[in-house]
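For reference, the structures are reproduced in the following blocks.
Below, subunit A partners subunit B and then partners subunit C, in two separate complexes.
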Partner chain A sequence: MKQYDAVVVGGGHNALVTAALLACERWKVLVLERRGVLGGAASTAEILPGCAVNVAAQDAGLFPAALAADLGLTGHGLEWIRPPALATSLTGGGEALTLWRDPARTRDEIARHSRADAARFPDWADHLRTMARVLRVALDHPAPAPHDMTPRERLRLLRPLLRAGRLGKRTLVELLRVAPLPARDLLDDWFENDALKGMLGSTALAGSRHGPSAMGGAFRIIYHATGGEPHGFRSSAFVKGGIGALSAALAAAARAHGAEIRTGAEVERILVDDGTATGVALTGGEEIAARRVISGADPRRTFFRLVGAPRLGPEVNRKVGNIQLRGTTAVLHLLLDGLPPLPEAAERLAGHTLVAPTPDYLERAADDAKYGRCSARPHLDMVVPTLHDPTLAPDGRHLASIQIRHAPYDLREGSWQDDATRDALLAGALSVLDDFLPGMRDRIVDHRLITPLDLETEPGLTGGDEYHGQMGLDQMLFMRPIAGWARYRTPVEGLFLCGSGCHPGGGVTGGPGRLAAGEILRERKQAARLSGRS
Partner chain B sequence: MARKYDAIVIGGGHNGLVHAAYLARAGLDVCVLEARPLVGGATVTEEIFPGFKYSVFSYVVSLMRPEIIRELDLPRHGLAILPLDSTLTPLPDGGRLYRDADHHRTWREIARFSIRDAEAYDEYGRSLFYMARAVKHLLGIAPPDPARLRPGDIRGLLGLARHFLDLEPDQLHLLVKLMTMSAADFVDEWFETDVLKATLSASGIIGTFLGPRSPGTAYVLLHHYMGEIDGHFRAWGFARGGTGAVANAIASAAREAGAEIRTDAPVARVLVSNGRATGVALANGDELHASVVSSSLDPHRTFLDLVDADELPGDLVSAVRGYRFRGSSAKVNLALDAAPDFTCMPGHGPHLRGAVSISPSIDYLERAYDDARYGDYSREPYIDIVIPSAIDPGMAPPGKHVMSCFVQYAPYQLREGTWDEKREAFGDTVVDTLARYIPNLKDIILHRQIVTPLDIERTTGLTQGNIFQGELTPSQLFFLRPATGYAGYRTPVRGYYQCGSGTHPGGGIMGAPGKLAASRVLADLGRQRGRRRGR
Partner chain C sequence: MLLETPFHPRTAALCRSSRWRNWSGCAAALSYEPGHEYEYYAVRNGSALFDVSPLRKYEVTGPDAAALVDRVVTRNVFRCAEGRVLYTPWCDEAGKLIDDGTVQRLGADTFRITAADPCLRWFQDCALGMDATVRDVTLDLAALALQGPTSRDILARLVTGADTRSLPYFALVQGSIGPAPVTITRTGYTGDLGYEIWVPTNHGLDVWDALIETGRGYGLAPAGLDALDVARIEAGLLLKEVDYVSSWAALIESRKSSPYEAGLGWTVQPRPGRDFVGRRALEREAAKPSDWALAGLEADWPGIEKRFAAVGLPPLVAGRASRDAVPIYERGGRAAGRQIGYVTSATFSPILKKYIALATIRREFASPGSRIEIELTVEFVRHKVPARVVETPFFDPARKRT
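What follows is the complex of A and B.
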């Protein structure tokens, strides 16, 4: 039996980051991906004939440039696209409000709706940038472990504390005040125009089932602005060739350092001997031995399906069972024979295109989900990747990938397996599109709907939760994935987690993968030091 | 000649009175100014309908700090707290969940729904008890200011860090959950029975403009768990003679210590000269002078109404403007000709001496919130009922009853119409909702008093009718209450202090803000506490 230093379960982007970073340290690493494509929720696949479709994740704006540089991703074919439009909000009747990367242009655009808001927007952009910079410090370091305050741990806290301290005491306190606020309250403090508030508030809905009045929304607005230099909105950036090209570049980097990557290799269970992970067993019976097993799957899948609940104590079982995995997003992919008839469509549709006309609209969309129903009038977030890369669709056609919120995974009535449920969701989304982008419907040549249940079966997201756990303040830092196990270790010796279910959280950030690799390397060094001493 | 005092306290609510009592006991010449003819603020008992005494606003006691009761010797001044230790949650189908102090009976009652829940119930109670004990420490200290970091602040923060890091890991994690989760999610981690979850999480929405599924409500739940009567946490009580008896006892203690209490004396503004408070001007034009002026009113009145914005730094003014009140609750007080007869527990049983909670399911509470979010009062509101006359027969004529109904949600800002127009319709909604569980109710109502958020504001002065002088959400707690950098009871105007529920540790009949603010004043005056009167 072949022995690896580490076997990585799953080929999502975080798993690939961990694999690549460990391989850089000359670890013998094997990545096992169940599916034929790499990238997990950040993959591009031909789910419409002749098209390369970003199945779930669309945007890679949170992926840090430093990490991309460390791994030499541009050398492996990664090409960033940062379109001049950040986002366009459809406000009804063919009207639109666009936020541009160019602040002057944004100001002019907002001034058409509200002069006061236009005047305040530069300050807002500064404020958001400052808050994001403070949050960044927390995201760049392993979560503090308040339950383990050994002198060594205290020492580790020093660096982030000093870095945060340099940003100013008042700024830190301000983040404490702002982060728990409802998105709505935060935006009401700044702006008067509903269209602008709906647009900015929509970011708070990503990663949560809650509407804009629920607390913690401001935190998500800031979280989504932690990549690159945000301009008053989420950090957004796309990848040439689709988001899968990022995963492909990560895989190429890992391979270049000697990692092995096998697709079509499904891990059936993690082998545990006397409380220690010893390797994995694949469907089909093959067993692979490894000193470390690192799971990129979400924590519930890792513990309940791959390790098995009986191997965990009742306390851990309870905590894993209580992780809030609440998928609420469906994705509708449309093949279009032309751009929708919006003035300056090619320019305005190049970022995110949103149906989030007012905070109340978002509120009502989320209300339905509270009672286990699909939103009758959902919030939509559309990306047209063919505007940056025409090769993704054949014959000059366009692809539009639309995230539909809210479509709860756990429906109270009906099931995602019923055609009626899927048809109703599709009809609802199309009717909203009709209202906000009149004429779009006539351009549709083909479509493919990915429900939350599909997200669970295909990339393997438990509960269809693309963030591997809701992005609420109660599932952050040392509370993520479960309290007491926030340092990528698990109650099973030698088993680590590296997916979005860990600190700092979900989105295409590479953060959990990077920090997990750091912790795994540290643990190894510690173990070596201890054995050297004995 | 204007009279000169050592200290003037604006507002004779329970915090203003506690504040005055502590200052007077330290030897200061103190005057309390109350706008209404009676003291108490929102802590009053009034005979609105002849023979029937209503606890018009606040209706139960439990948060009152035991050290204040002890130090001011309130029982000697007439305070007697009668236990209120059962909760009945009636269900629309005639079923019920009844919990009382009898452990076995409660176990059996919950086990009718779920044995698992019955087992978890004790564990849940114990956990919250530990949490309340851990947080209790905070109720007794003035918040340090991490934005300034003077030596005292650093000491305070280190002390806090030590306090919390000394907790067991599990307890620390539980505390973080309580600070960040929704009440519904929090109880969902323990229980599976919907009605049990609903009635427990209802404590998390009281006085806030959030639904049970909204993060942040778990803290309010804990806040209501911090009640302590004779050393028992989560013991709710009812003051003999109604809530006003609490204020009267404190007022009596303050008077005994030498404080003067003037009623019908509304304050128009605080006199400021060269950045220093010198006294107050009353609405009738009289001026009273003092070197210390403490406001027990809410932050909006304390900073925006009583002093000139020019006297304050811009960041404070804008912070107070952004400070969230959002009154969300109302009261309906009923005078009844007979005892209410509940379908689920007919007759005159012990349940009438406890609380009754109309919170049949989480969805019910959430829907009630949905209505309010769009600017309407709940069509089927959450109602928390006590029947004071069943506990203290002196509250109503023999054989008759008063019923106090706390109703949520009743948003201060209505999307359509005004509260003056909608008052009666709202009262009908409440009575209709109640009648579903109490079929004889409509026949026995002799009088009803409807107290809308607007009425609360008009009568007590609480901005937007918020019973806590501002929402108890994480952004408005501890060193953020009422604003970053202004949480230490001082204000930028020298000699002007804040001592109401709008400061740490917040609302409820707790008295802690009044006492902590008094310590601040006395420390600033460089006096030893307890120094004898007469220099």
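What follows is the complex of A and C.
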């Protein structure tokens, strides 16, 4: 039987990053993807006839340029698109407020709504950028392991601390003050205009069930600002050919370094012998031996489905069972026979187009989710990728991919399998769309709704949680995926995690994949040193 | 507020001492008469009837029920046939005791587990990914312990639909007492011939009344926890939170005990391919034994008498079992007087006429015959009296098993 240095379970973007980085170090790596398409939640597929649709993730702006450069992704066909508009908030009756990449243009735009806010906006952008820079340091390094503070650990913590320290103690203290704030409180400190606050606050809803009044929303705003966009606002960067092209470039980079990638190869089980992972078993019976097994799947899927809860201790089971995996997003893909009707549509709709008119609107949307209902008036986040890449849809047609929040995975009444539930969500989203983009409905030629249940069955996101775990402060850094599980290791010897469920977290960031690869290489070196001694 | 057990209407009427204890959230009589001696002698010479309803009871069912129970407890459940009962502890992942109780195998895929304290969530966490259901049936089942030499005859006269007379030690049978469907297990906490009777709560009083009525000619007496405590020490049976501290209750690591340290090493029963909670830690401990062990002690009675006589008193040892920890010292040698352990339970045994104790003691002193000293306080002054390690059970009548 062929033995690999590492078998990577799943072909999501983080798994591909890990595979590519290990292959760079001459590891014999095999990636096994259940589906025919790579990329996991960051994949592009023909789910509408003749269209290349970004099924779940749309935006790749959090993927660091340095990592893309290290892996030579442009050489493997990666092409970034950074549109002039970051985001446009629809404020009703065909009105809109756009944050442009150009700061002067943004200021003028905000001034149409509030002169005071326009004057404060540059300072806000500065402030957020500074916070994001500090957080970036934490996200760029493996999380500290306070449960296991050996001298070596302390030494390793020193570098990021020094780097963060260079940004100033006041900045550090300010981050500690701001991160736990509700998004609404943070924004109320700065602005008066509801449309602006709604737009900026909407970022706090991504990766959480909670609304803008819940603690920790400010953290998510900062997290999404770590992409380094000009206003410190969330990223707005797309990939030519669809987000799947990023995954394809990662796969090509991995293959170029010798990694093997098999699609249509479903890992049924991670083989564990007396507490140590020894390989994987595929559906169909094939067994593959490996020194390390690295799972890109979310922690609960990894442990409960692939390892099997009975092979773990009850204490581990409880912790894995308690990870907050709470999908709250549905994605509606629309095929349009023309651009949505909005003045300067081609420019304004080039980034994220949001229905988040006021903080209250967002709060009510989240209230519904809190009680297991779909939002009666959901928050929408729309991307029209055909504006940058017309090849994604047939001639003259446009694609609009709309994230609908909230659509909770665990409904109190009904089920995502019922047509009635899906129809109600669709009707609610379309009615909101019609209110904010009058006439949009008449442009719809075809549609495809992806529910949280679909996200669970197809890319395999437990609970439909596209972040592999809620992005709350209680599930970040050394508490991600579980407090006490430092450094991508697990209670199963030789089994590592590399997906979004690990530090630094979800989104198309490549971060968990990159840091996991670093830790796995380090562990190997340590093991080699130890065995060399004995 | 304390809950009342299903037998409370009867036990409250009988409890002339008004002495109650909180047992697992329920009011449990310490003794029915002002003193417990009569109730104790009922255990050894007639029959005593204990209300043991506060025990936690869990029902495990489903195709993986046996696999689940086998995963939870230290004993090899695959060797427990239908109709048999096991005494077993269960451990956390670090191999430290959580609780102990009995496992009744009611059917191929049906078990009932008794526990001192709530364990539902633990059992359910263990059951994740297995096709087995764990249900808390504590309130659904009333439980009585009928313990003593005449218990077999009493039951034989009462139970229909089952042969209790030939029921072996640690076996179970299902039958009826009057209109009440009952499970009878030949188990108990007294080390005597005895049975435990498990009955649906709504039939509890029927069974109580029938036992009291039939027991009249057999020296049957309702008995409380004071008598039970003396009997269980004589039988060398452990009490959770007294003789060992549950790993869930321990505030510090050193208070936790492994089965080996609590004299329950015999319950750790590996089997090729068997994985149970705590296995790896217990394998490590088996290879490198702990410094601590459980031992039975017998104090030197003349030594005790002498200490009391010196101040003009007859020996005033507690009439009831004591749960106060008392230091144990090395005797003789260069390190004489060094503390080497502590008594966890002690009592004067009325049937052996000896002062006996269960103790946690350093392993090198734990072999039978080992001579040590235990602390004894007489008139507010601490003394040391000689004692020696003996085999447990202290009292082990043949009728318990035959």
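Structural remarks
Here is the rule we use: the second predicted complex is superposed on the first by the 530 of 534 C-alpha atoms of A that agree within 3 Å, B and C clash if a C-alpha of one lies under 4 Å from a C-alpha of the other, contacts with A are read in each partner's own complex, and residues count from 1 in each chain.
Operating definition for what follows: a residue touches a chain if its C-beta (ideal position, glycine included) is under 8 Å from a C-beta of that chain, and two chains touch if they have at least 3 such contacts.
Worth saying up front: this structure is predicted, and the values here are computed from it rather than measured.
Counting residues of subunit A touched by each partner, subunit B versus subunit C, the larger count belongs to B. When both complexes are overlaid on chain A, the residue A:Asn317 reaches subunit C alone and has no touch with subunit B.
Once the two complexes are laid over each other on the shared chain, residue contacts for A:Pro180 go to subunit B alone; subunit C is not touched.
Of the two partner chains placed around the shared chain by superposition, subunit B is the only one that A:Asp474 touches, whereas subunit C remains out of contact. Contacts of A:Gly275 after superposition on the shared chain: subunit C is touched, whereas subunit B is not.
Contacts of A:Val9 after superposition on the shared chain: neither subunit B nor subunit C is touched. Counting contacts as defined above, subunit A residues 318 meet subunit B in one complex and subunit C in the other.
Taken in their complex, subunit B has these residues touching subunit A: 146-149, 164-165, 169-170, 172-173, 176-177, 180-182, 185, 189, 210, 213-216, 322, 324, 363, 366, 370, 373-374, 473-475, 479-480, 484-485. Interface residues of subunit C facing subunit A in the complex, by the touch rule stated above, are 67, 71, 92-93, 121-122, 125-126, 128-130, 275, 277, 280. The part of subunit A that touches subunit B in the complex is made up of residues 146-149, 169-170, 172-174, 176-178, 180-182, 185, 189, 210, 213-216, 318, 322, 324, 360, 363, 367, 370-371, 472-474, 476, 478-479, 483-484. Taken in their complex, subunit A has these residues touching subunit C: 275, 304, 308-311, 313-318, 321.
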